[in-house]
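Chain nomenclature is as follows: A, B, C, D, E, F, G and H, assigned in order of appearance, with residue numbering initiated at 1 for each chain independently.
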Amino acid sequence: MEKLVFDKPKCMTERPLHYCPGCSHGIVHRIVGELIDEMDLRDKTVGVAPVGCGVFAYWYFDFDFSQAPHGRAPAVATGIKRPNPDLFVFTYQGDGDLAAIGTAEIIHAANRSEDITVIFINNAIYGMTGGQMAPTTLVGQKTTTSPYGRDPETMGKPIRVCEMLSTLEGTTYAERVHVGDPKGVIATKKALKKAFEVQVNKKGFSIVEILSTCPTNWGMTAVDSLGWMKDNMIPYFPLGVYKDKTKEGDA
Amino acid sequence: MGKLNEKIIVAGFGGQGVLLLGKLLSYTAMYSDKNVSWIPSYGPEMRGGTANCNVVISDEPVGSPIVTEPNVLIALNRPSLEKFEQILEEGSLLIYNSSIIEVEPKWNNGKVISLAASDIANELGNPRLTNMVAAGAYVKASGVFTIQELIDAVPHVISKRFHNLIPLNIEAIEKGAAAVS
Amino acid sequence: MAHIEVNDEVCKGCGLCVTACPFKLIELGTKLNSKGYNPAVQNNPEKCVGCTLCGKMCPDNAIKVFK
Amino acid sequence: MTEKVMMKGNEAIGEAAILAGCLTYFGYPITPQSELPAYLARRLLKMENGIFLQAESEVAAINMVYGAAGTGKRVMTSSSSPGISLKTEGISYIASSQLPCVIVNIVRGGPGLGNIAPAQSDYFQATKGGGHGDYRLIVLAPASVQEMADFTMLGFDLADEYRNPVMIMGDGALGQMMEPVVLKKPEIKKYNHDWVTDGAKGRGQNLICSIYLDPAEMEKYVHEIYAKYKIIEENEVRYEEYLCDDADYLIVSYGITSRIVRTSIDLARKKGIKVGLLRPITVWPFPTKVISEYADKVKKVMAVELSMGQMVEDVRLAVNGKVPVEFFGRTAGVLPSCNEVLAEIEKLV
Amino acid sequence: MTEKVMMKGNEAIGEAAILAGCLTYFGYPITPQSELPAYLARRLLKMENGIFLQAESEVAAINMVYGAAGTGKRVMTSSSSPGISLKTEGISYIASSQLPCVIVNIVRGGPGLGNIAPAQSDYFQATKGGGHGDYRLIVLAPASVQEMADFTMLGFDLADEYRNPVMIMGDGALGQMMEPVVLKKPEIKKYNHDWVTDGAKGRGQNLICSIYLDPAEMEKYVHEIYAKYKIIEENEVRYEEYLCDDADYLIVSYGITSRIVRTSIDLARKKGIKVGLLRPITVWPFPTKVISEYADKVKKVMAVELSMGQMVEDVRLAVNGKVPVEFFGRTAGVLPSCNEVLAEIEKLV
Amino acid sequence: MEKLVFDKPKCMTERPLHYCPGCSHGIVHRIVGELIDEMDLRDKTVGVAPVGCGVFAYWYFDFDFSQAPHGRAPAVATGIKRPNPDLFVFTYQGDGDLAAIGTAEIIHAANRSEDITVIFINNAIYGMTGGQMAPTTLVGQKTTTSPYGRDPETMGKPIRVCEMLSTLEGTTYAERVHVGDPKGVIATKKALKKAFEVQVNKKGFSIVEILSTCPTNWGMTAVDSLGWMKDNMIPYFPLGVYKDKTKEGDA
Amino acid sequence: MGKLNEKIIVAGFGGQGVLLLGKLLSYTAMYSDKNVSWIPSYGPEMRGGTANCNVVISDEPVGSPIVTEPNVLIALNRPSLEKFEQILEEGSLLIYNSSIIEVEPKWNNGKVISLAASDIANELGNPRLTNMVAAGAYVKASGVFTIQELIDAVPHVISKRFHNLIPLNIEAIEKGAAAVS
Amino acid sequence: MAHIEVNDEVCKGCGLCVTACPFKLIELGTKLNSKGYNPAVQNNPEKCVGCTLCGKMCPDNAIKVFK
């Protein structure tokens, strides 16, 4: 008899996801759900949803959630975690949310080494608002606010978040992965697991930057987006572990 | 009232060109010196894969551009039909895309036109012409403008790079009009 | 022996599973679901090894894998 | 562009700004105003002196406006409700420093994250509070795409004339809808730019600042600003009347809502109810005087707005107890239908 | 501590918060409230469960409060005018999500950077606008160091009772001055914490959020909140009367200003002028009803406040044209002397 | 005959400085004044004053100034410079202003490589507000909001601004100096001159971080503060040029 | 009025302990069950090197804690004397530190006490006692409290680490009182 | 030959010039200025080389150097 060997995670709800066809958000949601199940964290988890396409993340999980103002998820998470050190708190943030309006909050949460995990969806664009330039938009990439392509002279070059946060003493774990193919998905899960463990072991701030797609605002099919992401984003945003203080043995 | 006061909802799947259909009607209205407003449903609900827009064409200044009590519904897919027929006023005009809507409208308080819009568009070689077929049908059925007025507005809503496709669009409009008895 | 089940109403026809299957067992069907998408269908289920890669790529939890 | 074109309200603001000589824009994306920055990006990034910059946040954007306004350039920013909240500190600074600029708020449903549908529930924020301290914005409330354009141009003139920030308060519907609009390049007056910080060549220091450690000195300064506000209140009140002359009942309503009310008034008139509309165009300065005068003539006044009751306070202050003031509001993104408003009008009788 | 001690207003708030069970504080430095975080740093950092965190900004601080409040912990933040402006987005979210917390504003002279002297010119911001959308804060206005402490404790109770943010609106003088104060640990009621996000053990999801894409749904929700506000307006209006019974003239004045007015009233009474003071303690909900009732008895009403005229609007709304309402204000950090206020009282006659 | 060989710069006013005795702000002001004179920039300069003890910087210079809201000087400077590319625009910011509330603004101004110069006074404390902890306050340092010393576990470690900004592509020039002795003062002038030149040559964003003192809030004499700064701050905030794209030849 | 209503300004250089002097008077007042308020001048104007505080002691509830019309001035340096004597009411009490104020007060509408406060403090071996000398002089001159009441308040305003200096402070108070005839 | 001039009313007696002078020519005087500070005074001006280091350290522009 065949057995069910793969299904949606237990902590996820029946609600169909509102994301566009092929959007990476769904893939990452499932990975998060699997880890919450596997690590048995559901009962003590509070997720912090951003403003961005992930704003409704709480529709899809049956554990506690707090929706944060745009960019402020790390501050909200700090507020949740500090007086409740036994909770498991993660933020789920887009690149506009985390690397533009929320720059100060992410830097200082990392610097204080808040015991939280940041799941950072880098899709090189503002998805929810219809495709504006993000801090991580690639040079030359066309968006509604860089209609002739991102011009590094006037708009700056894309910000490499993991690299920047790794200069801060408080960052315990920082890794960049992608969800462009099954291998990437498996690596993403491993990275997130590591990041979750850092928090569970009260070792401080962990972040996983996940290179993702936004087929809708990139104006591509979902399948083409995966290719574009791998061909264009990975070269500029190299994959890998940028910081691992658990290895340095001093965290 | 006898006065012109079209409160139109155009609705369908994301790719069916419902916004463009609405715009075409709006431009036609503008060039016919009618009062007109067009407004899309906007924001993340689009993500669901459906789209709709409201067009109001009137002799009077347009009050609310948002149509809560439509008297015209152009439904290009089934969810749209089922959603909006519920709020159609008595005596309205309902045009639905029978090519892909396999049910009959429940609403039956006015003029109901079953239009095989997608089929006609496919016959013309491009399913994206569904909206133009529907536009032709609407103008014919409502008599608010002449088909020529509608056709004259086409170049104003189609972006320059696709101007080579204008004749095809016109053909679709005409087929749509012809489909209305 | 293994196979997958696609939840037609939830599938958005994005095609990510299609690219994920090492044996190219999946393609998008021609049927529209009520949202207007063409859900994925598995061909030749007998060739399916239940590797779950298709499920891992599916953003919509539309795939169940049996093995 | 002097022919009639169909344009979204958001885009009409953008084109009008350019026609008014505003080539500098700083903003941060937010629905339902995103077509405005998108439009300006397309246009300004192709113009030699055009500056379009997507800031890292609303806070940064308003401070860029503060900087540019201080150099005497016409400059604009736009946002929607939550983004405007973040800008309130900067707006208070700009008002305090008496800098001209145009701030667009395409209001959406609130409070909190709310939704992106049309609302007018930022009225208090725009006209009274918002930022800290005593100050006022000139607040223009368009009711059509044409007015989105016209008031943008007017806004720049008022801003320069009075060295005061001007807010264009639209809503999600006005921002998103298309209507026919005619855009004409306006005459632009030369304003006195003695005060700008553009390099002190041949003169002493110019200074943009709002700190006055000595309260007495600052109080004097605030009184100066309020003397200016008094002049604005005397000269710049704008409103529109519709069938008010013989009205027994006066509706006060602005922006998108006033259009619905107008339709309802037509319906009510058909039923023989003598009702008129007074539409504030400047919600600050508020048309207090004219409403007060009507209060001597009509039997009742009703405020209709998209909030839980904000402008109605200004209406009550104007009526000052002379006749009853009723309120009808929908909020959080809901627009009333004209029949609903009609029903409320009928209740007045 | 139940003996009398001399304490700064800022410090009294800090100690009162701790006594009220608030062991969590997030803030960002700003004059003239800095003694409050300094006090709490000294105390909380020594307590096992004490959380004192200097945030990177006011925006971060209010969002930390939002996070902590959602877990059901008593939590406080404090700032002064420009910092409160930056917090308005967060405050709107907190009100919309119906989270209990206490926000202290030690108001200083504005607008803009202004100065650090006592002012009340954030009244509009506190009671009407501030953030976007329809919402209200419960705003308590202490007039002494004792009340700074008492109202802080009361504030936490009201916040929990109504799941609504409470603002303590002081000013630079109240924050900086020392007066004798008695601090007693209050009884703390058990509040229903069904709704908090503290891990879903043994239950389904709890959610803190303020987004409602569907306007109709959100409108319903806002109406629920306003039903709560109605109850607050009925039950929680607080004010103090001084020599009002036989008054021909009623002064409405709150906070630090009311103390000066009180002295002036004593002086005026000696001159035979029958004048009384109505001091709003809750400026929202405003004591509209009682003022309206006095308006039936007195000859004139006068609002005295530290602004260009903000609370006076609420006074006018309450009086509703029954008798003239006069206004006397000093602003931008200036406190009037009692003789100045006396002179204004004499003008009423 | 003896000639006047050293006096206050021409572009400085007669107004006595409001700073506390021995405060570094005055030293840096003079250096700025000298360079504006020497580089003949007065007529096209707009200074941007922060909120912090430097808020009244404009009292002491006779060129144009704009006072910025707390932390927003880089945004204000961007607003001034973008539509007026021929102006010379510098910000003058404290460590609270720049590295706490203004984190997002400094990072994005640097990332966009705004053609402005940032003069960053790192005195490891909030001077103006009476001595609270700054992001650069040293571990163990007592301030009114770290009364038992900065605890890195809960308050994070001091942020090294030059290092962090140097990870951004847009940063053209970044150097850390100090004004603890005449040698330091001379080096500071050299660094600032270089930074000013970067702007004059339209090469993008330059920042000079100046290790400074706050005798009042450190609770020391002015002379002791200099020693404390050199003994304690320099080891944690190493001096030097962190980024020089004019050398890399690609700026 | 005969009623107690002391509106005191204490002013001097930053290091002269004017705030502490004010606090001492406030605590004395509190322990004597008077209404009392104390408020410092605060903020960056301190940077200039001067400091002052306002103390109001009254039988009635204190109105404004900020003294704009003082009836007591304790001026420990010359700028303070020159600044505040201008607003002293008629019949007030003025005590000035003649040790370092080399001018005579211009104001002469009430009781003027020239107190060599710094000299007395120096004699006691510590210039920081200037404020205590002035406190003793003020209490003696005003008669608002007894010197013992003032002395009893001393431990409440001096931080624990300096409690060994209490006797010295008391001596300074007594010397100050003695200096007032 | 060189010497310095200290502006007594502007000097805040911070002592930075004292530490700056390589020849230890400067000390704080005993006289108070009107702000209550003890302004710096130069001793043995004949030893001054006019190196301007004292001026470079003075935060208050209180020093003029002549040479």
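Basically, contacts are C-beta pairs under 8 Å (C-beta built on N, C-alpha and C of every residue); 3 or more make two chains touch, one makes a residue touch a chain.
Computed from a predicted structure; not experimentally measured.
> Going by the touch criterion stated earlier, list every chain that contacts chain A and also contacts chain H.
Both-contact set = F.
> Could you tell me which pair, G-H or A-C, is linked by more C-beta pairs in contact?
Result of the comparison of A-C and G-H: A-C.
> Where the centre means the average of the CA atoms, what chain is farthest from chain E?
Following the centroid criterion, the farthest chain would be C.
> Any idea how many Å lie between the Cα centroids of chain C and chain E?
Chain centres of chain C and chain E, defined by C-alpha means, are spaced 59 Å apart.
> Centre to centre, by mean C-alpha position, how many angstrom separate chain D and chain E?
The answer is 29 Å.
> As a quick test, compute the distance in whole Å between the mean CA positions of chain E and chain H.
52
> How far is the middle of chain F from the middle of chain G, if each middle is the mean of its Cα atoms, in Å?
41
> If you look at chain E, which of its residues touch at least two other chains?
31, 53, 56-57, 59, 82, 89, 93, 113, 115-116, 209-211, 213
> Where in chain F do residues touch at least two different other chains?
19-21, 55, 67, 69, 100-101, 103-104, 107-108, 128, 135, 154-155
> At least two other chains touched by the same residue of chain B: list those residues.
43-44, 48-49
> Quick check: in the complex, which residue numbers of chain E touch chain D?
The contact residues of chain E facing chain D are 59, 81-82, 84-86, 88-89, 92-93, 95-97, 107, 109-117, 119, 121-122, 124-135, 209-216, 218-219, 221-222, 226, 307-308, 310, 313, 316-317, 319-322, 330-334.
> Please output the residues of chain F touching chain H within their complex, sorted ascending.
2-8, 12, 16-17, 19-27, 29-30, 181-182, 185-186, 215, 221-223, 226
> Any idea which chain C residues touch chain A in the complex?
1-3, 9-10, 12-16, 18-20, 37, 50, 52-53, 55-61, 63-67
> Where on chain G is chain E touching in the complex?
23, 26-27, 30, 36-40, 42-44, 60-66, 68-69, 156
> Please name which positions on chain A make contact with chain D in the complex.
Against chain D, the touching part of chain A is residues 51, 55, 67, 69-71, 96, 100-101, 103, 126, 128-130, 132-133, 135, 144-148, 151, 154-155.
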